[in-house]
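Below, subunit A partners subunit B and then partners subunit C, in two separate complexes.
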Partner chain A sequence: MAGRDPRRRALGAPPPAAAGFLLALPLLLFLVALVLWPVSHLVAAATHGPGAFRVVLAAGRYRTALVNSLLLSAAAAGAAVLLSLVPAWVLARERFAGRQLLRAAMALPLSFSGVLVGFLMVVMLGRIGAIPELVRWLTGRQLLAGAAYTPAGLFVAYLYFEVPRAVLTLEAAFRRFPPELDAAARTLGASTRERLLRVRLPLLAPALRASLALTFSASMGSFGVALILSRRFTVAPVEIYTELTGFSNDAVAGALCLLLALATLAADRLLAQGGRRWRRAGSGGGLGGLRQAAASGTRS
Partner chain B sequence: MPTTMGHAARHASRVAGLAIGGAIASGLVIAAGFAAAPSSARTAAPATEKVVIQYDCIPNYANWGSVTALYKKVSGVTVPPDPKGSSVALAALERERDHPVADCAYYSGAIGLQAAQKGLHQPYKPKGWEVIPTELKDPAGLWWTVHTSTIAILVNTKALGTAPVPRSWHQLLDPAYKGMVAYDDPTWGGTSYTLVYGLNLLMGGSDANFKPGLAYLKQLDANVSSYPRESIYNAVLRGEVPIWINADGNGYKMRHVDGGPIEVVIPAEGSFTMPLVMGMAKGAPHPEETRRYFDWLLGPEAQAEFAKAFFRPVLARAMPADVAAKFLPAREYARARPLDLARMAAAADALKRAWLDEIRGAGR
Partner chain C sequence: MSLPIHSPRLARRLGIAWTALVAAMLAAPVAVTIAGAFSRSEWYGLRSEGAPVQGTAALFTYVLGLWGHHLLRSAQIVAVVTPLALLLGAPAAYAFRRLPFPGSRWLEAAAVAPLAIPGIVLAVALIETAGGAPRFALLAAGHLVYTVPLVVRTVGNALHGHDPQLEDAARTLGAGRLAIVRRLVVPLLAPALVVSALLVLAVSWGEFNVSFLLATPRVQTFPAALYLTYTTNSFPVAAAATLVFLLPVVPVVAAIQALGGEELQRGAQP
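Let's look at the complex of A and B:
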């Protein structure tokens, strides 16, 4: 009966299946043109000629680059999310002068290309970077000069754009955090530690996982920063570039591309799996709202 | 509200999906980098404007910025800047073999010869062909030299601090220069490939034995700050990189045109001269414009413009006297010897690989 009610239909009833398909068509075309077709091209390149995957996975520069990519991205994602917890909470829950300005400033590094971030690192931590020059001026000692070109410098550069990403993701989730649950737990006699472990963390876990997945994936694909800064320490995207530009080696470049994508996919699935276990454990009702908030936050 | 929860869960996994998509997409962007570069070059000029697309047209290398600006003034034709090094230009032409985008390319000699050998060029003999010495051009017109340069140590004396100006390859190994030295990644730039190939011969190696050269470069690695894959001209001028092993002309230009505290050193043990060559791409989309451009590049006007950036014009009489006077004396250049381009081209892939494995290392 409800379906025949014209008001209801106009408001919220699902459109017919054909309309749904038509609406999804642009997305489908987008997927084919920008994901499926290029990926099939990569698969063709990687499987053309003998054993590109074997070459890449054998001990050597390529495998090292893949492992480095995984380690650096995991470290950057973990550190970024950890560092972002307090700032995101403050931005979400506290009211203070300049809050909007701070938020806008946080978003700025996200708009910089990797190459630009690389040059910024050189300006700050290069051989005559601002920080080593300041240290020399203050203490008369040569410290941190050229740190930009070390793996540690690369890690800091990754944090430069991953921390804002994590802050903005988490902030959106924290803003939806239901304070009444925390208050209820307190009324029922839960200690601070208990409230953190049994109420806050389970409620915030999905947002943390979404934030980790996002920062990790972005780091895996990042190219410009390492291109400018890496000396010996190499990451997979830079090796892909070198194989293509230095040697026109489509097979190895293609295999590296696919393995990089697969590794990212696997890591993200792992984070999602962890999420399912959480849900099965069956935590409180505020979870849904938080997950949604985390999800919507990533779009900002 | 359980429905909200389920919805949110799906939402969260979609976010992860988006993130993965992002990572894959950025991988693809790299892969598509080649395809993107020429199209961005093309959009630099409106459709009605006449253009010639030159791969490897770095504005502050060999004065290409001024040369192309001058050409625009005299002919109305735009030659957009292009940041590829020689090797990248070669790789791009190879990739676009079936659908050419570029009209021509500029390389260090051996890489240009390699491109011609791979069948990426079509013959053309520009006006003024006769002035080019025989060993600096292909008899069929597949490539020819536009100017020459010499590998040198370019030193920012102010950034050097208390360390003395290095005078030899051997002296560059001194720990006093730790973190100060840079030379381009030879898998990126042809100038650096010339350096690596030449050093190997100088240190007693051969086309079959790269060990002597790589052993030296491995020792030098202790002092190297980076192996750039972009032009670091400005970084050297600023002092971020105090010692750059590159073409002598770039050092003279920093000193005399940009007023930097730069000294050019031809190392005591010897150095190498490098012809810089051009060729017309097979299937060039603008053949007539390209031929006219080539004719002009060998003429006195363009040749003098190259000379202003201290690259020696192949048309020797185009070298202005005041520019010639600013070069180091001829006896310094007596130590620089030419390299056999054909042998350099044949060794290119193997030597670049060996450099990557030995010097850039396993990436740890």
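Let's look at the complex of A and C:
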């Protein structure tokens, strides 16, 4: 269209592809200078000297931190998506007084940094947290005091920042869910179970994958929560921080960084692209493709 | 539509109750914290911090005295990052949708890729590369890496919903390129640009994962100050500092929600 407009070319304007490239050039330079170049330095730091990767992957603190991050993130992502299914559906499909207020309550924690979430956990479940104090006042018994600092407390804290992310991602997908298909299946005699397994789940699978990918990668990178809460249980981002600031061990910190980033990106790709069967061809994968994944599965 | 339970009305009620419960559990810690900032601080022995603080006004004065410098730094970062993110992201998003060039799809994917990379990883990468650079610039750079993708996506999605023939029509009617941008593209994109700016503001104001590592004792953002206050101060001081942090966040997040912004769950890293 625009490209074949002869008059504009005659006026001496550059061809559209060149104009587009010029508009995007600052972004290209920005990405090269502030992402590509630094990441190449990271690779150089990690591969410089005797095998930092071997040190990290050998049994010990570093590998434990990576495994802890993976397990905690996977468990919390799964639990958060399960907890979020009903709220997301209700916010997307039902109309009732107070809906906007509930939605706002779900959205507010999105802007909280990890340290703030950690602090909120201490407020509720610390040694003199609100919940143990309430339990003591009601029953006279000492219960849950200091629970925030246990691995279970860390898990609950991860749920705190993951549930809003899962709810809002799923809600956007559920809003586009076509109710006609479900009604059609019903008139064709499908039972509730059949409709759930053969209509709703296949249609919503990409959205479920997308929300899992999002919550998992948010948890893998989460730094502040564990910085405040974790005592003996260590996660990869905290390990990177102590390695760099405490021991200025650039090689090991770099190797940990690369492994953490690779694990996060790989899981994101796997989850987002595994649903290709249900997606229109051509939509991008990864976090960039989340919306398309969520949309194409539910639009058909 | 009903939930997969047999009685639709019961299902609806149970669903709303469950939603309200989840929302209440998310809101409860914030409510307790706000109450803490307005409780009688002498209960917590604030005198031990070396500042006899009595009453709410004195408490907030004390908190601002402690962290006012960090607050100012965060405001400066946000003020620098917001326009830069828009300038870097919006024209590129326009190019990706309207003036594609060889490799533009690849560049667009690369521009949003940082969202899937943990903040600490890029912070370490930045510090290894340019540890000697002025820290304020380094902090702004770190914030830009995580906010530009939001602008690219928000503006890109908005352009996706607009008819490209409008611009062709304007051109055939004799409008020059500058006039088209000024009188057609920018007004049409105004809502998306506002949402983008609010997203950048919210993410940059709350950013910790990149900032904490890049911060120096002299150049520190407010979320980094929150970490210090959580680990060193008493509960009322920490609660009051949290409230100071939340004050700008609440209206910004509400505005993003009201304007239909859908990227906040992607952009902010916990």
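Operating definition for what follows: the second predicted complex is superposed on the first by the 255 of 300 C-alpha atoms of A that agree within 3 Å, B and C clash if a C-alpha of one lies under 4 Å from a C-alpha of the other, contacts with A are read in each partner's own complex, and residues count from 1 in each chain.
The rule is short, and it goes like this: a contact is a pair of C-beta atoms (placed from the backbone, for glycine too) under 8 Å apart; a residue touches a chain by one contact, two chains touch by 3 or more.
Quantities reported herein were computed from a predicted structural model and do not represent experimental measurements.
Q: Scan A:Leu134 for contacts with subunit B and subunit C and give back first, second, both or neither.
A: After superposing on A, A:Leu134 lies clear of both subunit B and subunit C.
Q: Output check: A:Leu260 vs subunit B and subunit C. Expected answer is one of first, second, both, neither. What do you get?
A: Both: A:Leu260 reaches subunit B and subunit C.
Q: Quick check for you: in the superposed arrangement, does A:Leu143 touch first (subunit B), second (subunit C), both or neither?
A: Touch partners of A:Leu143: none, neither subunit B nor subunit C.
Q: So, A:Ala58: does it touch subunit B (first), subunit C (second), both, or neither?
A: neither
Q: Which of the two partners, first being subunit B and second being subunit C, lies in contact with A:Ala152: first, second, both, or neither?
A: neither
Q: A:Leu82 contacts which: subunit B (first), subunit C (second), both, neither?
A: neither
Q: Which partner, subunit B or subunit C, is in contact with more residues of subunit A?
A: So, of the two partners, C touches more residues of subunit A.
Q: Tell me the contact category for A:Arg209 with respect to subunit B and subunit C: first, second, both or neither.
A: So A:Arg209 only meets subunit B here.
Q: Could you tell me if A:Leu201 is touching subunit B, subunit C, both of them or neither one (first, second, both, neither)?
A: Neither partner.
Q: After the superposition on A, what does A:Asp268 contact: first (subunit B), second (subunit C), both or neither?
A: In the superposed model, A:Asp268 contacts both subunit B and subunit C.
Q: What is the shared patch of subunit A, the residues that subunit B and subunit C both contact?
A: Dual-contact residues (subunit A): 34-35, 38-39, 42, 115, 122, 214, 217-218, 220-223, 227-228, 237, 240-241, 244-245, 253-254, 257, 260-261, 264-265, 268, 287-288, 290-291.
Q: Show me the residue ranges of subunit A that touch subunit B in the complex, using the header's touch definition.
A: Contacts found on subunit A: 34-35, 38-39, 42, 60-61, 64-65, 68, 115, 122, 126-128, 145-146, 149, 206, 209-210, 213-214, 216-218, 220-223, 227-229, 231-234, 237, 239-242, 244-248, 253-254, 257, 260-261, 264-265, 268-269, 271-272, 275-276, 279, 285, 287-292, 294-295, 298.
Q: For the complex, which residues does subunit C have touching subunit A?
A: 1, 3-4, 6, 12, 15-16, 18-20, 22-24, 26-30, 32-33, 36, 87-89, 91-92, 94-96, 98-102, 104-105, 107-122, 124-130, 141, 144-145, 148, 152-153, 157, 164-165, 167-168, 171, 177, 202-203, 205-209, 212-213, 223, 226-227, 230-231, 235, 238-239, 242, 245, 249-250, 252-254, 256-257, 262, 264-266, 268-270
Q: Please give the residue numbers of subunit A that touch subunit C in the complex, ascending.
A: Per the touch definition, subunit A meets subunit C at residues 1-2, 5, 8, 13, 16-21, 23-24, 26-28, 30-31, 34-35, 37-39, 41-42, 45, 83-84, 86-87, 89-91, 93-94, 96, 98, 101-124, 130, 160-161, 163-165, 167-169, 172, 177, 179, 182, 192, 195-196, 200, 214, 217-225, 227-228, 237, 240-241, 244-245, 250, 253-254, 257-258, 260-261, 264-265, 268, 284, 286-288, 290-291.
Q: What residues on subunit B touch subunit A, complex-wise?
A: Interface residues on subunit B, with respect to subunit A: 1-2, 4-9, 11-34, 84, 87-88, 90-91, 94-95, 159, 179-180, 185, 187-188, 224-230, 235, 238-242, 349, 352-353, 356-357, 360-364.
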